[in-house]
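Chain nomenclature is as follows: A, B and C, assigned in order of appearance, with residue numbering initiated at 1 for each chain independently.
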Amino acid sequence: MALAVGMRVLTRSLLRPWFAVMKMRNPPVNSLSLEFLTEMLISLEKLESDKAFHAIIITSDCPGIFSAGLDLTEMCGRDPTHYAEYWKAVQELWLRFYLSHLVVISAINGVSPAGGCLLALSSDYRVLADNPKYAIGLNETLLGIVAPFWFKDTLVNTVGHRVAERALQLGLLFPPAEALRVGVVDQVVPEDQVQSAAQSVLAQWLAVPGHARQLTKTLMRKPTADRLLKERDADIQNFVRFISRDAIQKALRAYLEKLKQKKS
Amino acid sequence: MALAVGMRVLTRSLLRPWFAVMKMRNPPVNSLSLEFLTEMLISLEKLESDKAFHAIIITSDCPGIFSAGLDLTEMCGRDPTHYAEYWKAVQELWLRFYLSHLVVISAINGVSPAGGCLLALSSDYRVLADNPKYAIGLNETLLGIVAPFWFKDTLVNTVGHRVAERALQLGLLFPPAEALRVGVVDQVVPEDQVQSAAQSVLAQWLAVPGHARQLTKTLMRKPTADRLLKERDADIQNFVRFISRDAIQKALRAYLEKLKQKKS
Amino acid sequence: MALAVGMRVLTRSLLRPWFAVMKMRNPPVNSLSLEFLTEMLISLEKLESDKAFHAIIITSDCPGIFSAGLDLTEMCGRDPTHYAEYWKAVQELWLRFYLSHLVVISAINGVSPAGGCLLALSSDYRVLADNPKYAIGLNETLLGIVAPFWFKDTLVNTVGHRVAERALQLGLLFPPAEALRVGVVDQVVPEDQVQSAAQSVLAQWLAVPGHARQLTKTLMRKPTADRLLKERDADIQNFVRFISRDAIQKALRAYLEKLKQKKS
């Protein structure tokens, strides 16, 4: 199984509320393949339908990487139907995590580019390991592609319009100190304390009356989610049209080829 | 009379423009009862219709507290007509202060939770006393209730989307240094200098040509106010429906009971 | 010719991509007269239609001043047709610079009030000379006039709602350190390094795949530009009506008279 969901009990009484630790495990880099996305969605759905669970800590089981983001092999050399199916799953992942009634804390224990960054931005709070090798950001332009408007909206909601404008145009990956300074993450801690810091933060979130907190989260986030929901099909068609272009396919093939050579 | 409005002359010449010091006095905690709200609105209206006045400093006459916010006794054990009347007055208070053509400076000399924070956020500039016992924020979730969308909009306009999202979900009350850092207030000064600091700031605001300043304020704030104006009745009905729920009434009764016990 | 456009080659190979240095020269203060605006627009259009050019550095050839902003003589003592023509050109300047597919870097080597600030805000990155005599901001209220909504939108997109609200009401001109702190500019450097700093920054922007960067810029800025495009004629009529008022004409005449006396 690519996705390991470990359950731990927060309260001393071994009673509710519980939180789950969702450890992403899709080696080597937690690419968000269609299969892996689907597993994550199923896990999230299960946790959401179990009233005992109030929160998730999402983290990585792959050393040095939180998630490499979207799986380029799902976007290269396939047919339009596949692209459409894949994009719908990516949309679904964002919508479900961004609007989840659970508290979602990201314990970011590795590099987190593009879709990996989006996943972190969709949670309620981000703790990043203070490792100079780690960086986080929506770096799509550097691959010659464009972050969709709802990636952009999520970043704008987190760091404001100006930081987002510059970061998205330049495809910036922020190292820990910079990520904290501009607000891409909320906290930077020594690497061995990422999980415990996430749990400490979680205690604060779980202390708030759950129903009021959930309604407030919806109040803040629904208008942003609604923008995608209102044009979800058009967004899928845009993606399929864009990704099917010869120039884009060529660029993706070249990039994947380069990745292969690096490994060998 | 619950509300004392003291008039002072700013210019050395004892000439215009004048500003009023609105000292809130509804002991013990400046709860925004229906009667008190009404008095504040009448006072504001009088000042606005007197062309000699260009500004208000709003502050508290109750030691240690700016305003405790909405009066829970107006929201508990009454009938729907009363809830509707009360909520309309709360809306009116925000609309009138947020859009006032007068310069409004808050001299925050005490704790300022929930509706007290909203009042401060509706002014043009906020000076907070540097007292470790004081804190300011929209802490509604901690009482199990949800700040209405226009409370949220006012906070977002002040501190941005991300700070607002976290603060509203967690019901954060910011102590002075933190309030300054995130932008909930504009200035923190020693407690005995709150009034003089507010007056110094006021001099800067009054030096700007009044008509241009007022139009600019409208330019900045009208879109936010219009969102409420467009659905004012629906917002009242939402409030009445929400507050009439058994669970909410029960929670409010329990909270009021606890407050009573604290006092005795 | 009022506008000097110098071409320099960035890459060592003397090959593409090229960038142009647009040195504004309309002495003594680079007022944005109708003629000067038109020249700037023609120059921009030429550069945009030449695929060899990927970027512009915009700077001033007038010592101590980047641009004094709109030319008040175009707004005073003329007829409505002239006001309408002038305002349309001002709109056009903003729309073309704000949405330009070229990378636009402002090398701000002097004072930059009102329309001069707008021009800087419309670029992708702002480097300001660290000279205590320099300041930048939308100071319209101090002249008794009101920045149009799209000036306001551009400022809000750069510094956020709250900073913009205060800055616009008070007509704040930010000195270098303050401009950097609130985000009106991105970088402050010693005066003799403004051009070289702008070129260093440019290298980073030109390293990003151009097509993806341009689409991302459009994604970020088009909604703001569309707001003006949708009501462009109404905005012109508003301006003509406002500027034709006796009180405004009188204030402008008085201000221009004062400027003349200062010079002599």
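Note that a residue touches a chain if its C-beta (ideal position, glycine included) is under 8 Å from a C-beta of that chain, and two chains touch if they have at least 3 such contacts.
For clarity, every value in this text was computed on a predicted model and none was experimentally measured.
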Checklist entry - Roughly how far apart in rotation are chain A and chain C when fitted on CA atoms, stated in degrees to the nearest 5? => result 120
Checklist entry - Same residues or different residues: which describes how chain B and chain C meet, taking over half shared numbers as same? => result different
Checklist entry - Roughly how far is chain B from chain C, going centre to centre by Cα mean, in whole Å? => result 37
Checklist outcome for this item: Residue ranges of chain A touching at least 2 other chains are 160
Item to check | List of chain A residues in touch with chain C within their complex | outcome: 140-147, 149, 152, 160-162, 164-166, 168-171
Checklist entry - Inside the complex, what are the residues of chain B that reach chain C? => result 124-125, 156-160, 183, 186, 204-205, 208-209, 211-213, 215-217, 219-221
